[in-house]
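Shared chain: chain A. Partners: chain B in the first complex, chain C in the second.
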Partner chain A sequence: MDARLRRVNKEIADCKNDKTSKITLELVDESPFHLKGAFPGPEGTPYEGGHFEVDIRIPDSYPFQPLKMKFITKVYHPNISSASGAICLDILKDAWSPVLTLKSTLISLQSLLCSPEPNDPQDAEVAKHYMTSRSSFEETARYWTHIYAGGPEAKAAGKARDTPVGAVRDEIAIAGLEKAHVDQFEALGFERTKVIDVLRRLNYRGANVAKITEDRVVEELLKS
Partner chain B sequence: MSDFEYSDEEADYFYDDEEEMDTQEDGSAPSDDDMDMETFNDDFRVTGKGKRKSYEVECEPLSKSDVEKLMQQDVDHISGIFGVDDTTASLLLRFMDWNKEKLIEKYMDNASAISISAGISQPSIPSLPPPIRASSLSRGVEKPATRRSVRSAPSVSAKLLTKTKSLEPFVCPICFDDTQSDTMSLSCDHAFCTSCWNAYITSKIREEGEHWIRCMAEGCSLVAPDPFVKSALGTDTATWERFQELLVRHFVSHNRNLKYCPYPECTYTVSCPSAASKSSLASMVPTVTCGASPDHQFCFGCAIESDHRPVICAVASMWLRKCRDDSETANWIKSNTKECNKCQSTIEKNGGCNHMTCKKCKHEFCWVCMGPWSEHGTAWYSCNRYDEKASQDARDSQSKSRASLERYLHYYNRWANHEQSAKLSMELHAKTEKKMEEMQITSALTWIEVQFMKKAVDEVFKCRMTLKWTYAMAYYLEKGNEKELFEDNQRDLEKAVEDLSELLEQPIEADNIPTLRQKVTDKTVYVQKRNEIMLEDTANGFLEGRWTWNGTVEGFD
Partner chain C sequence: MQPTMDRREREGLPQAPRLVSGDLPPEEPIPSYTGPSFVTDDPELSRLTPAELYELNQGMLNDAVPDRPLIDQLKHIAVLRSEYEHGTPAFLQQIDYLRSQGYNGIRRTRGDGDCFYRSLAFAFVERLMNSEEEELEFSVMSAISTLESVLPMLEAAGFQKLVYEDFYETFVSIIKQIVEPDRLDHSNLTPALLLEAFQSPEVSNSVVVFLRLLTSAQIRTDPDSYADFLFNPELGEPMAPREFCESFVEAVGKEADHVQMTALSRALNVNFSVAYLDGRSKDGTVDFVQFDSGNDYGSEPMVLLYRPGHYDILERRSQEPLE
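The block that comes next holds the complex of A and B.
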């Protein structure tokens, strides 16, 4: 049998037999080289309670070339693209070793959720958010876990998330912004989506708010 | 890691090489055909050979093995100083991107530290977890046993090929195969089966083009030395060859005096120390040819994979960038059809000549400027020169940006036209050549006698390339006396080339061949002379600092 197939089959079987790790693997189609992996968000992080799914492609020269992985579930994390799910992790690139497996790589992704690396970001905007205001970042990450990964509802700490369950998703919370800030510029006559877009790009959060003048925001709003 | 500069001293060392670098692959004597060609070429020779012209650069083609000899010199030098074997010296040099001075400095400072960084030896104390985030997830394949002391001059040869025949059944941690008994490991003792090593190294070399091949164990930074790579590849000599080629490329890419031939599959290198510094490129165009084929012509100074004489690299690149940026506005010009401005019927260009005659109304005009041909054929040939006066008028009536676009289009139009005409003349020649071959059979003409067309077409092609780049240069030249002289040369060359092109499009019949041959040969000699003048004068202008630019060109401000 083809060495790659033998190894992948064994890896899938090992993962099935291992009941402790809570890592699951399933076929996407008939090919054993296109899989969907999943794991629970790590405890004690904003991802806790979420169920995270990862698209896995096994390259022809696996295990000598790294697995190709990206998040299917939307994740708010400095090393994961909030738009595409692309992952910035060294073992998926240069630091790949053929002794790594599907399971160990998924565990690495899980631990990546525990320890973001904002200095080597995949999503620069999210990384900026993480750097300026940790608590606001975590709140947003938790909100994403709730709406995209089926995590528990964010505890309305300090702020009123008055959207009833099942109603339209709160786009301000998704962008990690304050409702008061968005309202402020919306009142000047700009479209809400535009305001959200510009404030997110400018990282209008936490201590940064004091550094960005109203004129600057308006200037950006007029440009966009 | 690439910001090391080679000293000038370093620049000389290729020329101290006493070994003759013979570029003739087979070393055979020239054949009779070559001799004939020599005599034949004498008909066309304008100036004697031997003396290097001012637009030519001194360069030397090096084969893969020539470069390997140079690499070996460095390796010998380093292994002599450090008292290490060749394999170790090579890895150290590769790690330091072949910067010998820096390597010597670092090695003298801390030999064991650099040996560890270069993947030759392991840290003697079990190091901190490897700097990868998933380190805690290592599956325990690493055995922290047998850490070797690196106090003494390290050597990689000792434990190179540990092909172990173990008694216990070995399960390879990569392929999970327990039937394989042949294993290999580097000095770290991370054992894997031979076929996994083979697949891994092959994938690194073939798919990633990587010559720096680390141990397969997670977090282990030992690097596979050459004998290990060779042994793992076994009978796959093609991949081993590719590995050696990657090593040569790495060496060449870190030596300012060398450049790898950009032609696909080619493994030649060109040495051109006189064009190694950035400042030298402000006054010369280092067009070089690799030893594999005379067609492998490229610029040593920039990324342009063809001869861009007479214009220097910075200006040529600037022009190409501009053309790319403005390509949409200029796209319409590239179209191969135009309308006759007398009868409006559509005319398609199918030869390289710019002298157009409308099939319908017989109106003769110039393809480039659409002006009547009568004005081009006589004393004042002004198609090459952008009429600043006319553009002044345009500026009055139109917006300034429109005028500058028109100015650009004037040059771009001619630039693109020479490119297109050159291609068309090659196509036309392909047809002619067939006819000439037939004629050789049906008439009394010899092979030599029908070659004049080929020679002429080659010359036309070459000159159109020169002309093409002269328009890029003229676009950036500050107007004034010097530019006018430049454009005079350009016009003379252009006129000569158009005349020759026209001759080449004449129908060939067996009985007109002798006269045609005479005419074409004369014209070819003349065109060749004009091209020499164009290139020579422009090159001299650079050396004399005669050219002034109307924009900011790198190296001139």
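The block that comes next holds the complex of A and C.
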């Protein structure tokens, strides 16, 4: 049996026998080198209560080359692409060591959720949001955990209460924006999706709102 | 621990073999060279002129071409000398000095950051293989028992058995093959089989990783001896043992410096020396830095050749022995 397969089999068995870490692994197809890992969102973070799935590919020269991992579950986090699930983490790149395993790497991803590194972002827009307004960022991350990772419903945000629950409200919350801001520019005659897109790109949140003039937003809206 | 030749104490920087100025491409936009840079990130080298850097880079690139085997056949040291013929005379003098000391051969390794570990592992097995006939069995058995005895240290350092056992088995089976035929080859280890094993990425890298784990475990389980010498080689800041080991010992492709070499010498219970071919000697001699564990019964010392950023093996023979 080849060395890679021998090692992977041992790692899968090790993970199965470990009841404390709550890390799970399963095969995706016939190949033992394409797996799906999963772990619960860490407590005390906006990811708490969510179930996060990760696509894992084991390269030919494993364990001498890093595992290839990306999130299947959508995650709102500075070091994870909100679009593709790609992960920015040193051990998945040049800091890889053959000491690391499927389990310990998934545990590192779990720790990454606890401690974002906004200075080395994978998703620049999310990182800006994180830097500008932590509370707004966390609210959005929690909302994503709720809708994509099966996490608990976010504590009702009072301001959104009187609007009917539906796709419209979702879109604004997913983008991490304030409904009042979106309404304001929508009222000028721009399409809602366009407004959301522009405000998200401009990071129209927290203290930034005062720094970005209405003209600047309109200018961007006209360009888009 | 005696840091005889700590990187930070070595004054200044290694000098690249210099091109005759007429050889330089005249209009080459050298400062904007943006290809892979192996050396320009090193603050120590920031004082080199762009031309020197360019040249050094080219040299490093040639070293890193994937076509170079992980470890090569033994070559006559004249081959190395010919590469420096257009360089500084200092390098040539030093190569001639090595020859005068009886070092006629060089065995190169790929410049992939694993070169120290790979060189040492190869030299270790080769030396065992070359033990005197009557001592062969004893040398092999003591090497294996040394390796067995370090397993508890790996456990103590926190490594999982499933992580290190395959690497351990690979290394031990090569050594065992010196005295008993292997299941696959149906033959004892020969110089050709040894070279073949170390050229196969799976085997070669397993051995490299095993030595990295030994080095790491030695530091992790005896942090007091090493703590004062653990610095981030990129930033120069002190580092905690665990952090240092994770980032600069266990990680693939991270070069070894004096601390790692000292730790491995102790963990493996071997003595070796490193010849510093750096073009900096005033009298054309070469400094040999000794790494002595004090308990090495092997007769012939292992000698590695260091050139800035790279390790190869230095040998007295100038070509592979006949089978």
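Keep in mind that, in the parts below, the second predicted complex is superposed on the first by the 212 of 224 C-alpha atoms of A that agree within 3 Å, B and C clash if a C-alpha of one lies under 4 Å from a C-alpha of the other, contacts with A are read in each partner's own complex, and residues count from 1 in each chain.
The rule we apply is simple: a contact is a pair of C-beta atoms (placed from the backbone, for glycine too) under 8 Å apart; a residue touches a chain by one contact, two chains touch by 3 or more.
All figures in this text were calculated on a predicted structure; none of them were measured in a lab.
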Combined model on chain A: chain C and chain B, fit or clash: clash
Which superposed partner A:Ala149 touches (first chain B, second chain C, both, neither): neither
Which superposed partner A:Arg6 touches (first chain B, second chain C, both, neither): both
Chain B versus chain C as contact partner of A:Val99, first or second or both or neither: both
Contacts of A:Val75 with chain B and chain C, given as first, second, both or neither: neither
Touched chain A residues, chain B compared with chain C: B
First, second, both or neither for A:Ile107, with chain B first and chain C second: first
Touched partner set for A:Ala127, first chain B, second chain C, both or neither: neither
Which superposed partner A:Ala173 touches (first chain B, second chain C, both, neither): neither
Colliding region between chain C and chain B, picked from 39-47, 219-227, 381-389 or 399-407 after the shared-chain fit: 219-227
Residues on chain A lying within both footprints (that of chain B and that of chain C): 3, 6-7, 10, 61, 63-65, 95, 97-99, 101
Chain B residues within the chain A interface of the complex: 130, 132-134, 136-137, 139, 141, 173-177, 192, 195-196, 199-200, 202-204, 207-208, 216-220
Chain C-facing residues of chain A, complex: 3, 6-7, 10-11, 14, 61, 63-65, 94-99, 101
Touch list for chain C against partner chain A, complex: 159-160, 162-163, 166-167, 170, 201-202, 205-206, 209, 212-213, 246-247, 250-253
Chain B contact footprint on chain A (complex, rising order): 3, 6-7, 10, 61, 63-65, 89-91, 95, 97-101, 104-105, 107-108, 111-112, 115, 117
